[in-house]
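Chain IDs A, B and C follow the sequence of writing; residue 1 opens each chain.
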Amino acid sequence: MVWVNAIVQGILLGGLYALFACGLSLMFGVMRVVNLAHGDLAVLAAYLALAVITGLHVPVLWSALVVAPLFGVVGYAVQRFVIQRSLDVSPLTTLLVTFGLSIVIQNVLLEGVSANSRSLPTGWLASASFQVNSQLSIAYESVIVFSVAVVVLSSLQLFLSRARLGRQVRAAADDLEAASIVGVNVRHVYGIAAAIAFATVALAGVAFGMYSSFDPAAGPQRLIFAFEAVVIGGVGSLWGTLLGGMILGVAQVLGAQVDSSFGVLAGHLVFLVLLALRPNGLIPARLA
Amino acid sequence: MIESAPSATPQRVTRSRRSARWNAVAGAVAVAVLASLPYLVYANVTGVLVNLFILLSLATLWNLLAGYAGLISVGQQAYIGIGAYAVFVLADNGLSPFLAIPVAALVSGLVAVPASFLLLRLRREYFAIATWVVAEAVLLAVLRSDSLGGGTGATLRGLSDLDPALRQAYTYWAALAVAVATLLGTYLLLRSRVGLDLTAIRDNEIGARSVGVRVALAKGIVYFVAAAGAGAAGGVLIISQLFVQPTSVFSVQWSAYMIFVALIGGLGSIEGPIVGTVIFYMLQQTLADRGAWYLIILGSVAVLMAMWVPRGIWGLISDRFDLRLFPVGYFLHPARGTVKVKS
Amino acid sequence: MRYGLLPALTNVSFTLAAGETVAMIGANGAGKSTLLRAIAGIHTPTAGSIRLEGRDITHLPAHRRVAAGIVLVPEGRRLFPSLTLEENLVIGSVPSRRGSWNVARVFELFPWMATRRARPVVYLSGGEQQAVAIGRALMANPTILLIDEMSLGLSPAVVRKLYDLLPELLAAGTTILLVEQDVTQALRVSDRAHCLLEGKITLSGRPRDLSPSDVEAAYFGLAKSTAGGRG
C-alpha cells in the first residue's frame, strides 16, 4: 500500500512537472530555443504572487490570474527584443543569453528579497485531503494542481489544433520560410509562443510555491525537472510531456520511499538512463 | 575564413611570424615575473591571484569547449568538485595535496570519458542541460556519501604542519602552474590535428565528417581535456580554501563565472578569457561590498555582449590592432604584405 | 541582386502587366529561383528595387507581401507536415484579402481533395502535394502568383494537367510569373517569356515569335551560329 500511495503521489506530482515543462517544450518545439531561465522565471512568478497575495489580500488562486497574464506580456517582449536577436546571431547564443538571464534573475532576487526560503499561503487547502482508505490519502492541493495542468495542456492542445494563430504556430515550427510566404508574421508568432510559455511557467511557479518552499536559488532545479519531463516524454509532444512528468514524479517519490535523500537523484538517474537509451524521447517529436 | 582573396603571386603559409616569436618571449618573461611574486608581495595579493588563476583556467577550458568545439556545457562544476574531492581523498591517504593535483586532473578526465559517451551524442540544447543534470547527480551522490563528509563538506588534511607563508606560496605556484598548463595545453591542442579538425567541424560538421574528420574523437578529446583541467582547478581550490562544501564546489555559479568571463573577453580566441578574467576581477573588487551586484552587472553585460558583440572585447581589440598573442590560425605571406587567414 | 557571395542576378529588369502569364525560363543555376524568392520577399536584394503598382516594396517583409497580393508557390512545394490537407489550405488565407477563393472553391478545382481533407499531407503523391501548394497560394486571392519549378519531380502527364488549370486562375484576373525548366510547358501556357542565363535576361518575347533555335541559344548560352549548326 505504501507503494501504491507513492505511485499515486508521483503521478499527481507529474502534473505539476508537466505544467512546468509545457512552456519549455513549446519554445523548443517552435523556435528551437531552450530557455535556461525557465526555472528562474517560475521562482520570480512565485515571488510576484506572494507580493500580490500580501499586497492585495487575495487568495493564492487569484494571484495566479494576475501573474500569468503579466508574464505573458513579458514573454512576448523578451522574445521580440532578446531571444529573437540571439537567434539572429546563432542558435548557441540563445543558450548563453538565457543562461545569463537565469543568473541575473537569481541574483536580483537574492538582492531584493534575501536568501530566506518562502512559501505561498494556501489557507485551509494546505492540510485538506480526502481519505481513500486508511493508508492512502490525497491532498486537495495536488489534485487541484494536477487538474490545472490537465486543463492548461488541453487548452494549449486545442489552441494549437483549432485556432488560426495556433495553426500558424505549428506552421512556423514546421518550416519558417514556408510560413512567411503564406503570410505568417513569424516574429509575431514566435512572440505568441513565448508569451504562452511564460504564462504557463508563471502558473507552474505559483503551483510549485503552494507545494513546497522556494528561494532565489531554486530556479535551476525547476528547470532541470521541466527539461527532464520534456525529454522523457519527447520534445514537442504535449501529452508526452504529461507522461514524462508522471514518470519523473513517480521515480522521485519511489526513490524518496527508499531513502528520503534519494528522491531527486532517482529522478536524474531515470532521466539519464532514458536519455542513453532513447535520446529523442519516448514519443516521437511532432508538435501537438 | 579568408579575408582577402589570394592573388596569383607566389605565397608562403606559416603558422607564426616574427611578432609571434616575440610574444612567446614576452609570455615567458610574464610567467617568470608572476612566479617570483611570492618573494615580492604580500600573501593577500597572491591569494587574490590564486582565485584569478583558477577562474582563468576554467574560462579558458570553457572557451575551448564552446568557442572551438561548439559544446555549451553548463556542468563543468562536476569536474571541479570531483577534482577537489579527489585531492581530499588522496591527501587523506597520505599523498601530498600538491602532488595530488595532477592525479585529481586525471581522475576528473577519466570520469568524463563514460560521461562523454552519453553526452556527446546529444544535440547542443540537450547537451547543455544534460551536463547540468550530470553535475547535479554527482552533487547528490556526494551529499549522500558519509565518507566524503556528506553535506557538511570535506576538510583537507596533510597541510597543517606546513608553515602558512610557505603553504600560501606553494598554493600560488600550483595555481599559476595549472593556469599556464591550461593556456599552453589549449594553445598546443588547437595547433595540433585536433585544432584543425575542430575548425573543420565548426565551419561545416557534415562536410567535415564526409572528408574523414573524426568528429567524435575531436570532441571527445576536448571534453576530456576540459574535464581534466577543471579537476586540476578544483584541486587548487580545495588547497587554497583547505575546505570544500559540496553545494558550493558543485554550484552552477562556477558555470556562470566561466561563461561570463568567456563571453565578455571573447569566445573563440585564447586571449579572450584572459581579458575577461581581468575585467571580472576588477569588477568584483570594485563591487566587493555590494553583495551579488557584481554578478548582476557582469551577467547583464555578458548577455548584451553575446547579443551585440559576439566576439567579445578581445574581438574588438584584435580587429582594431591586428593583434594576436596566441596565433592558432595561419599567416599567409603573398608577394607584399601579410594576409590573415583566420581559423 | 546578390545571392550568397555570388551575384546570382545582375541587371535584370522587367515588368508584369495585370492579368498576363509570364514565363521565366533558363537552365539550372541561371538565377530564376533567386529572382522569384526576391520578389516574394525571402531575399532582400543588395541593389535594385521591386515595385508594385508604383509602390516600392523592396524592403517589405515576406508576410506583408502576401497581404499585398504577391504569393509564391515555392520550389519543392514546402507544405506543412504537421498540418492536415485542409489546414494547409486554410493557412494560406489572408483575412485582409477579399476574393472568390476559399476552401470550397479549391475543392471544386481539385475534387479529390475533399475526401482527404483531414489527412496529413505527407501521405499525398508529389502531384497531389503540388496541387495543395497551388491551392494554398490561391487561398490568399493573389494578384500576382509566383510559381517556382512546378514540374520538378512530377511526371509529364501530371505537369500538363496542372498547367491546363492556369487559364481557370486567369479568369480571376491573376497575374502569373512562372519559373520553369520545362521550356515546352512554359511556352505553351505563357503570354510572354524571358530567358535567363547566368543572371541576365538574354531573350524576351511572345512565345509564338520565338524560334526554337533562338530559345535554345539563349537557354544554353551558345553562340548563334553554333546553335544553328546543331539544331
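As a convention for this text, a residue touches a chain if its C-beta (ideal position, glycine included) is under 8 Å from a C-beta of that chain, and two chains touch if they have at least 3 such contacts.
In this text the structure is predicted, and so the values were computed from the model without any measurement.
Asker: By mean C-alpha position, what chain is farthest away from chain C?
Answerer: B
Asker: Please give the pair of chains with the highest number of C-beta contact pairs.
Answerer: So the pair of chains linked by the most contacts is A-B.
Asker: If you average the C-alpha positions per chain, which one ends up nearest the average over all of them?
Answerer: Chain nearest the overall C-alpha centroid, as shown: A.
Asker: Based only on mean CA positions, could you tell me how far chain A sits from chain C in angstrom?
Answerer: Centres of chain A and chain C (C-alpha means) sit 44 Å apart.
Asker: Chain B to chain C: how many Å between their CA centres?
Answerer: Computed value for the inter-centroid distance: 53 Å.
Asker: Which integer distance in Å separates the CA centroid of chain A from that of chain B?
Answerer: One centre to the other, that is 33 Å.
Asker: What does chain C use to touch chain A in their complex?
Answerer: So the residues of chain C touching chain A come out as 40-42, 61-63, 66-67, 71-72, 74, 78-83, 87, 90-92, 94, 136-137, 140.
Asker: What does chain A use to touch chain C in their complex?
Answerer: 164, 167-168, 170-171, 173-175, 177-186, 286-288
Asker: Under the definition above, what is the set of chain A residues touching chain B in their complex?
Answerer: 28, 32, 34, 36, 82, 85-86, 89-93, 95-97, 99-101, 103-104, 107-108, 110-111, 220-221, 223-224, 227-228, 231, 259, 261-262, 264-265, 268-269, 271-272, 275-276, 279
Asker: If you look only at chain B, which of its residues touch chain A in the complex?
Answerer: Chain B reaches chain A through residues 66, 70, 72, 74, 118, 121-122, 124-126, 128-130, 132-134, 136-137, 140-141, 143-144, 252-253, 255-256, 259-260, 263, 291-293, 295-296, 299-300, 302-303, 306-308, 310.
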